[in-house]
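The two complexes that follow have chain A in common; it is paired with chain B in the first and with chain C in the second.
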Partner chain A sequence: MSDSMAMRRSVFDGMTPIRVEGKVTAASLPFAARFVFRGDAKAAAACSKAFGVTLPKTILQAASEDGRSALSLGPDEWLLIARDGEEAGIVAKIEKALAKIPHALVDVCHRNTAFTVTGAQAEALLASGCPLDLHETAFPVGMATRTLFAKADVILWRTGTNAFRVELWRSFVPFVWGILAEASRDF
Partner chain B sequence: MLLIPCPHCGPRPEIEFRYAGEAHVARAADPGAVNDQDWAEYLYFRSNPKGIHFERWRHVSGCARFFNCVRDTVSDKILTTYPAGEKKPDLGTLMKEAGR
Partner chain C sequence: MSLSLRTAKSGRINRKKPLSFRFDGQLYRAFEGDTLASGLLANGVHLMGRSFKYHRPRGLISAGSEEPNALVGVDRGNGRYTPNLRATQVELHDGLIAESQNSWPSLAYDVGEINNLLSPLFVAGFYYKTFMQPKQAWKNVYEPVIRRAAGLGKAATAADPDHYASRFAHCDVLVIGAGPAGLAAALAAAESGARVILCDEQNELGGSLLAELHATIDGVPAQTWLEQTLAALVAKSDTVTLLPRTQCFGYFAQNFLGLAERVTDHLAQPDPRLPRERLWQVRAKEVVIATGAHERPLVFPDNDRPGIMLADAARIFANRYGVRAGGRAVIATAHDSAYQAAIDLKAAGVTIAMIADLRKEANGPLPMAARAAGIHVETGTAITGSKGRLRVKAALVGKIGTDGEESVPCDLILMCGGWTPSVHLFSQSRGKLVFDEAKQVFVPGHSAQQERSVGACKGSETLIEALNEGFAAGRDAAEKAGFAKGKARKAKVSGVIEAHGGFLGAVPHGHDVNRVKAFVDFQNDVTAKDIKLATREGMHSIEHVKRYTTTGMATDQGKTSNMNALAIAAEALGKAIPAVGLTTFRQPYTPITFGTMAGHSRGDLFDPVRRTPMHGWAKAQGAKFEDVGLWKRAHYFPKAGEDLHAAVARECRIVRETAGLFDASTLGKIEVVGPDAAEFMNRLYTNPWSKLEVGRCRYGLMLNEAGFVMDDGVVGRISANRFHVTTTTGGAARVLNHMEDYLQTEFPELKVALTSTTEQWAVIAVQGPQARAIIATLVEGIDLANEAMPHMSVREGKICGVPTRLFRMSFTGELGFEVNVPADYGQAIWEAIWAEGEKHGAVAYGTEAMHVLRAEKGYIIVGQETDGTVTPHDLGLDWAIGKAKPDFVGKRSLTRVDLVKPDRQQLVGLLTVDSQIVLEEGAQVTLAANPPPGTSALGHVTSAYHSATLGHSIALAMVASGRARIGEVLHVPMPNGAIAVRVCEPIFYDKDGSRLNV
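On to the complex of A and B.
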């Protein structure tokens, strides 16, 4: 186990950072524990207690508490994010609390990775590949949704007026990063 | 770009969606009792109308849910969308609401 952990390498290793001084920065985030949770309202309520963050009932919303986050991606689907290394504890706790409630809990922490896009031009940089209206009136702080960036499925979460978190499959990173780097030359 | 109103997420660009064929095509409760002709019609025959069409869509790059949509195949105008599993809406009422 320790040997395989020592081999774990970030997909961002060796990639050129995206940084346009005073305008926009895209930076990778450290490893994290991630799960996809699916179930009905009863399962979500039980999971909220076990996970420590109230899973948003409204679709396309994100909630955070004490370093943990829950994003409602669909009417019965949530993405749970916590600190790296907390996986086993979270699984044990949720499985215990939901032993008799039908649900699905899938560990996706080695499939997903994430980066942030921050700065006054964050919205514009993401708009280079995303078809959604990213203006704050249409995509307010706290909103999170799966969408497309060019041809890659990504989860977009607005954490601040000028700050986004992008969650995506690690294999999509070179493609997405390449387009972002190219688009950042416009600023 | 066409905006498709997902019943869960609201209006979203069409490239987030995938078409999934005609809606309300019911599988026989007892497939063993169905003759070859009816089975073939269930599997392969679709209404393919020029005009109002009840169809399934999937918001694959969004909430990832299947839902039903009533669309005019001539103008691409969408009369309504509703979650999968809901009753087929009455076409007369829909047309009246759309002012047609």
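On to the complex of A and C.
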């Protein structure tokens, strides 16, 4: 394991942190276990037990328990997030619990990567590339959705009044980071 | 600065902060708060530009964004040059450098003025009439000359060194225009708690109040009310965003509006972190349009001399900027508001020689007040011309109906034909305009979107109307946006005198109409005569008149000219104004920079640049990259002294002799999972999948409904319910969308889910006779022996301790493996395999060698051999069709008459008779060497390379009845003569596939 850890490279390696003192910071997150889970209500209920987080029934909601999160992205789709290294255990537990229930569990630990945007201007910085209304009345804490940031697909999850988590495919990181760095000059 | 031109006091300029600036090299002085226009006027400079077509000397006519004449270039140094700025909108800062345009060698002595004397040649439509013959002259003479003469200002040539910001914004109420109506609307909306954005194109919010000296609002002077109102709005900064210097340039669908904010151009030393401009893309629940009105010029002969301007503009220069635009003014009007200008200017020290009013009588309160102030008023009197060249020297005035004409010496002529509501944004919103017969103006009628107009832009003429309409609109807008109805408000206004009147069309005069120029559209140099000519030549719609004469076109969008042009056309056609119609108002309202539109999307950030996990390694090896979709792919790996050809030849040779490593990470990957996964695959691909064993792979072919090939790729069965599907690099997103579309709309009963895993896996292809030996020492838990893991199989195990999906497959025709590892491990595993490969003498190869290797084997590339009109049969891929399957997407189409015709183009190989000639991809294939013009080609070359392995060139082509022509000699006509080719089977190397199964 230690060997393979040494071989793992984050796509954020070499990227300059984005930080406007007292206003906004964008920082990469550590590796995490991630899965796309697809299934109906019955599958979701079974998965909730196995994963340890109740998969939200309401679309665009996120739920977290004990370091694990489930983001509801569609009527039958959730993004499951857990700590790095928990992958094998999660797969075993969910596949066992859902052996007879139709579902799809797909490992996207390396496809996705994530960063946070925090600070008083977090909403405004994200508004430089995201066409959604990010005002807390329209995009409250706990909301998560697929959206666009400039020309890249991202998943945006509001984790606090001034805190967002952005999940995206790894190859789009330099582009999104570049736009954020440029946009941060405006704060 | 000529102090005599500054008023004693008043104005919003800061007289304690003097500054200097240059115009055409000359140093001038002005004050903070001045615009370039007011600064030049304060120095007695009226000549600011040359007109577009006739190069006539021009001064400014307005004080705002409607300025058609005073277009200048501003040079901010280091390549920061902006042409065609309106001097009335350029805020002065110390050291500003501006220059006039469209003149040579100087503004005062411009050679181009010859056009004015030649003007009989340049009548409306002259392009269409003059440059017809001889035919060749258009390309060689006319067009180059016209292109050189056309256009105004010069574009910057260096890359723009500034950066531009971009924001999306959402609000409950967007208020456009911060004059009294807009301020009242913003205030009312904000009081209800709504999120409000208030934008205004000017540097200060306030609109007409900034030049208002007499009115009181709610018991305080108008400018005090302005201060209080702004303070109230600033106090609500949680919900209210105030954007001065911000033009709303476009009103788009679903209340989406574009705002362009000028952030730093007005600063002498801007913070380099700041963007030059900021684009706001606003989605507003409700919009209040409060864009005011434009004063109309009078169309009289020689109405364009420097020193002739709109009456209210001169009032604004005096009241807001503390500048007298002249010493002795003649005022020509048909509207009461010019009398207010006369009164204010007289108070500011300007001698008013006379007011010539076109109307028979002018007995409203304002004209009476002017008379009471001792101003000489003549009614029933028209202005019929002017004298002077670089500055007006006299006005010609005469009683209407008489031939008499008097020359009145002056250095300033002020004109006022009334007011035109600024309905540009309303029109852009697709609202329907209606003609107000009483006021003789177009005003907003039926709304197409969630908006309302207030104040002068809807034809209201008084301050109290503007305020009360604003209050009501702000309240209404907030309520419609979901907020509790606020309390109704009414303003109390005193000190303003009502003004009415107006005139449309050309002012009557006794001069020869064919010899005078009475300008309608100053920016485009269109005269009353041009418009009449257009109607005589058959242009009966205003849209045709516009295009024939260019009136109302370009950046000006007819702000000052539309109504006069329309009235002249209507009169000439004998129709009512509404019957002639109004032209469409275009975005942008006033020009915006390309930088604002581009925002951050420039250079490397123009589009996402996607790189594979192994990109860094390839770059360090000196790889040349090519763009494939958004991806950067290693094209070839040149060694010192190698060109593309040499590198590719070496890469191909070593792959066939030993082995090569290839980065295949960009191939699309889709995980198809669920109990119905196999059935779903059966329906989406031509091939049968039910019987594919777990651990085996199959080449999959995907058709669209029309039966044409849309994608292909190798598919591995990971478990009974799980397929690992690969797609072409460029087709990844399209294929997933296609699959989702069918799953959701046609096959919702199937229990299967699709997940893109393109970026989950880094893919290292190891191809060549030594491929197995190279990976053997690294792979754990997988028996790589040919019997245990035959060609087209997939295994899960580990490589270097990292989980892998190991495919045995080949796109080269050699023994091959594709090592899939989680992407973050990609580079490390590549390096480990490379280290093993080097021991065997392996090579890293790029996409070009990959293309050659696959072409030698006749493997197609979708999008290269196919063009969306090619069937599996055309490609000789019938074997990939599951004949026993009841259905699959495209199946029915394959039996259409047209798709089974024997003369369809079919994939074949071509060998050039001269084996060293490489054909050109895309070249036509014909029966004869020199077919007569009009002969259809048999097909075209789809791929062509030099094969180092074979020692000759190879090509693939789509040729009509191609398979029946094998052995025939055909031709590929080229500019230097036809190339003879022999048709062969589309496979050039290892026809029995023995190299694959070792």
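The rule we apply is simple: the second predicted complex is superposed on the first by the 182 of 187 C-alpha atoms of A that agree within 3 Å, B and C clash if a C-alpha of one lies under 4 Å from a C-alpha of the other, contacts with A are read in each partner's own complex, and residues count from 1 in each chain.
We adopt the following convention: a contact is a pair of C-beta atoms (placed from the backbone, for glycine too) under 8 Å apart; a residue touches a chain by one contact, two chains touch by 3 or more.
These numbers come from a predicted model, not from an experiment.
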Between chain B and chain C, whom does A:Pro131 touch in the aligned arrangement: first, second, both, or neither?
both
Would you sort A:Glu95 into first (chain B), second (chain C), both or neither based on which partner it touches?
neither
Dominant toucher of chain A (residue count), chain B or chain C
C
Contact-wise, after the overlay, does A:Leu148 reach chain B, chain C, both or neither (first, second, both, neither)?
first
With the two complexes superposed on chain A, say which partner A:Asp84 touches: chain B (first), chain C (second), both, or neither.
neither
In the overlaid three-chain picture, which partner chain does A:Pro75 touch, first (chain B) or second (chain C), both, or neither?
first
Applying the document's definition of touch, where does A:His110 land relative to chain B and chain C: first, second, both, or neither?
second
Answer with first, second, both or neither: which of chain B and chain C does A:Ile59 touch in the superposed model?
first
Going by the contact definition given at the top, which residues of chain A touch chain B in one complex and chain C in the other?
77, 131-132
Per the contact definition, I'd like the list of chain A residues that touch chain C in the complex.
1, 3-4, 6-11, 31, 36, 38-39, 76-77, 102-112, 124, 127-133, 135, 138, 150-152, 169-172, 174-176, 178-179, 182-183, 185-186
In their complex, what parts of chain C are in touch with chain A?
163, 165-170, 195, 273-275, 278, 281, 283, 600-601, 604-605, 607-613, 631, 671, 673-675, 751-753, 755-761, 800-802, 822-829
Chain B-touching residues of chain A, taken from the complex the two chains share
59-60, 73-75, 77, 131-132, 145-148, 153
Would you pull the chain B residues touching chain A in the complex into a rising list?
1, 8-9, 12-13, 15-16, 61-65
